[in-house]
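Shared between the two complexes below is subunit A, which pairs with subunit B and subunit C, respectively.
Up next, the complex of A and B:
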């Protein structure tokens, strides 16, 4: 297998854009990535397009990737649509990386797109829940997070103040990010006093829907220099797993822990080497649990991490410098690639006001879906310069 | 505080199950409800809803249908203020640890939708009740309600 580099990234701002189509959003992200990479568009040989809710929310019900990329000037190349719920974008990246690593192609595009604001938010909520057969029984994703976080809080002496602190951190970071949907930093009081969605989760702890797109171009490491003079960002690992079936009496294994372990082994990099991370804070409090699952701290220390400010922009391991899903919003299929774009910018030193200092290794964690009580998909990507 | 009622016999609409193959819908007072699960004859793994192949043994034809007792304890619960269209709010969603050792997701009924009305470890039992309605039907599903200790 060949070493793979991300030679360019691009995204749209995330937000509510009632007048923009998936084609329009996708075009902007793709051409931003092309310009960032300084790669002639006709050098792109293959594309994977992540999108989750298009068939339910948008006018176009199929081959969305082809529609977007044809509109963006592409023809003839192999295009494959990727649906892995909230981890569709990172799943598309993984396939693009494999095309390059295998030697099959020299320049691959991964694009994630989602158009969620359609003027009917109930329809979007129903679409998000529709990936589980439990939706028709009344199941909601926020409640699922709440049920598990409540157990976890009790076990680890974590409080709602810890939860709120994650939102305060992420919205503070997001206030520095021009790509974020929400630019207003929130206080602990504002977070705790926002309306309850499912105890103990309040409105501001839950990520908002969004419209947006993000893209990355990958090529062999040896070829990246030919196009771009920017610091080279190598893909050390891009791993994907699905959920497992809990066996009574045995501790359930988290998909994030499992995927991270595989990624760390493949990259030859440990959690202690990671300098910056973007993680899936679909419900911001889950970020604390993810610190533990990724090995950024010991089990049971997630609350302490946020108390001690270890994951702020100036902390030892800044997490969600972009503002995460809490501030950016969560355009399902685009989220995973927006995480990648942020980490690439952070590693290159191009993240502006929210730049963390001297990051050499970055990680993204992106999870999606609920299948038989576990995540449908989870990806962990490790990038290094 | 809002009471979630386990009694929904008044409307006169006919009852239809929210999904097939999840539970037995009683046809009379003597007929008891149960959850339909599958158990592996080799390793004992129980799955609800039932699945055709045991993921632990990874061979076909070891799963056979069983009926769960419908008794268990609350493992976690949450008062949900934002529900999907057609569902009551607030409502209570829960994780129930069943007597058989597995933990399943369920709506709660027959209780107040409040943090104070419920607690982890509380004994609960299966009921089949309405979760939403359409024009002609009560759509019923499995739910759990606190066991009243007399």
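Up next, the complex of A and C:
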């Protein structure tokens, strides 16, 4: 297998864009990635497009990748649409990497797109929950998530203040990110006093829906310099597993732990080598759990990590410098590739006010899907400058 | 890249199964493929699952592959759901082949599944049309297809009798296939006199919806013998392109022609070497067009092919020995892999009463998706005994 590099990334701002279509959002991200990579569009030989909720929420209910790309002139290439719930975008990236690593193609596009604001937010909430076992009972995704939370909090001495601190960190980072949906930094009090959604989760502890798209262009490491003079970002690992969902209080080995182990081994590094990470904080508690699952701290030490500020922009291991899902919002199919865009910018030193100092190794963790409350899909990607 | 073999295939009967879920159908196909391959289930390392209309028609609206597989014990492996309209199943196969050819994994599962009968056939018809440009006007997929047909018929001296002959051949083949939804052989008169759906297409010229699933297991050619003592079936090519849809009267080079050229070149054969083919006769006229696009005859000679009986079970190049979509029905995401199952059985000499004599090279052609009436996805797969 060949060494693979990400030669360009691009995204739209995440937000509420009632007048924009998934096609329009998707193309903006693609053009941005093409411009970033300095790759002529006719060099793109294969494409994977991640989208999760389009058939439920949008007028366009199938072959979204073909609708976005062939109308824009990317004709005749193989295009495959990928759905892996909240990890659809990173699953698309994994396939783009496989096409290039295998030698099948020299330039692959991964695109993630989601259009969730339709004027009917109850419909979007129902769509998010549609794969969960309690959907029939009228549970939202958040309600189901909250079900298992208290046991985990007690066991690990985690409090709602810890959750609030995650949101404070992420909205502070997000205030520096022009791509974020929400730019207002929140205080602990604001988070704790915001509307209760599903005890103990308050509004600001839950990521918001969003419209948006993100894209990455993948080529052999040996070809990247041909196009771009920007610092080269290598894909050291891009791994996917399904199985146990990292549900607080459940699952002896979470999907994230398992996927991270595989990714670290493939990249030949350990968690101590990671300089910056973007993780799936769909709910604030998840970020604490993910610190542990990725090996950034020992089990049960997630709360301490946030207490000690170890994951802030200037911390030992900055997590979610982009603002994470808390600040950016969570356009399901786009999230995984937006994480990739952020880490690429961080590794290149292009992250502006939210730049982490001297990051050489970055990691993204993207998870999704609930099957009987335990099983899902998770990707862990490791990028190296 | 390594040589790849299909070591096992399996499918459900296609039909109307109001009491069966997509999960139930999917698993039956998987178990049948596993039994056929004689591969222990814990050897399966990666899975791709093709499904097109689930989010629109079924209660389960996402991560269908995880729901089918992780609940059955296929946990922890990478599972990715693929949607490429009517070519979703073959697109899943292509990725299973890529995983194995690249050396990433040694045993890959491709599954296609669709559950279309829900007690509301208008809903299914609307779902089929949802990706087409005229859906807003209330056009069904069939109506849109019929729009461009008359011009093509005139140019190529094709008549409705030719369409009827395709259906007569396919329903005759289907009457010999225990997996087909419809087992009654039809006469030319019955086809021509059936209810007019969209002039000039009558009911029996249009494939029916169906519930069903089909699966294939892919491994390196060098490993296949370890599991199965059945004749070895090699994947000589499995190609996907998007772009122009092979729409009668449109598109100078159709997606099928282009994809077939790539597949023939990769397999190192020409159309004259193909001994048996399964093609996408979603509407009867398509089969005639596909004869030409695949190079089984010259352009404009599709009608003559069927007149001369060259594609019957005992013809020079038997097409749709399974009965095709006309007899089997068309459970969208499953169709591409059902074609693969049929060709594998034909190459192994296991096709019973519908066995083609001494087939050594088989081809499947699976197409789907309409973008502005012209663009779609198409796969051509070439298998060799």
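Please note the rule applied: the second predicted complex is superposed on the first by the 373 of 385 C-alpha atoms of A that agree within 3 Å, B and C clash if a C-alpha of one lies under 4 Å from a C-alpha of the other, contacts with A are read in each partner's own complex, and residues count from 1 in each chain.
Criterion: a contact is a pair of C-beta atoms (placed from the backbone, for glycine too) under 8 Å apart; a residue touches a chain by one contact, two chains touch by 3 or more.
Note that this is a predicted model, so its numbers are computed, not measured.
Student: Taking the superposition as given, does A:95 touch the first partner, subunit B, the second, subunit C, both, or neither?
Tutor: second
Student: See if subunit A has more residues touched by subunit B or by subunit C, and give me that chain.
Tutor: The larger set of subunit A residues in touch belongs to C.
Student: In the superposed arrangement, does A:147 touch subunit B (first), subunit C (second), both or neither?
Tutor: It touches subunit B, and subunit C stays clear.
Student: Both subunit B and subunit C touch subunit A; at which residues?
Tutor: 244, 372
Student: What part of subunit A is in contact with subunit B in the complex they form?
Tutor: Touch residues, subunit A against subunit B: 122, 125-126, 129, 133-140, 142-144, 146-148, 150-151, 154, 195-200, 244-249, 372-373.
Student: What does subunit B use to touch subunit A in their complex?
Tutor: By the definition above, subunit B touches subunit A via 18-19, 45-47, 49, 51, 55-56, 75-85, 87, 91, 93-95, 101-103, 105, 107, 115, 120, 131-132, 141.
Student: Which of the residues in subunit C come into contact with subunit A in the complex?
Tutor: Spelled out, the residues of subunit C in touch with subunit A are 1, 52-53, 55-56, 60-63, 66-67, 69-71, 75-85, 91, 94-95, 98-99, 101-104, 127, 130-131, 239-244, 255, 258, 368-372, 375-377.
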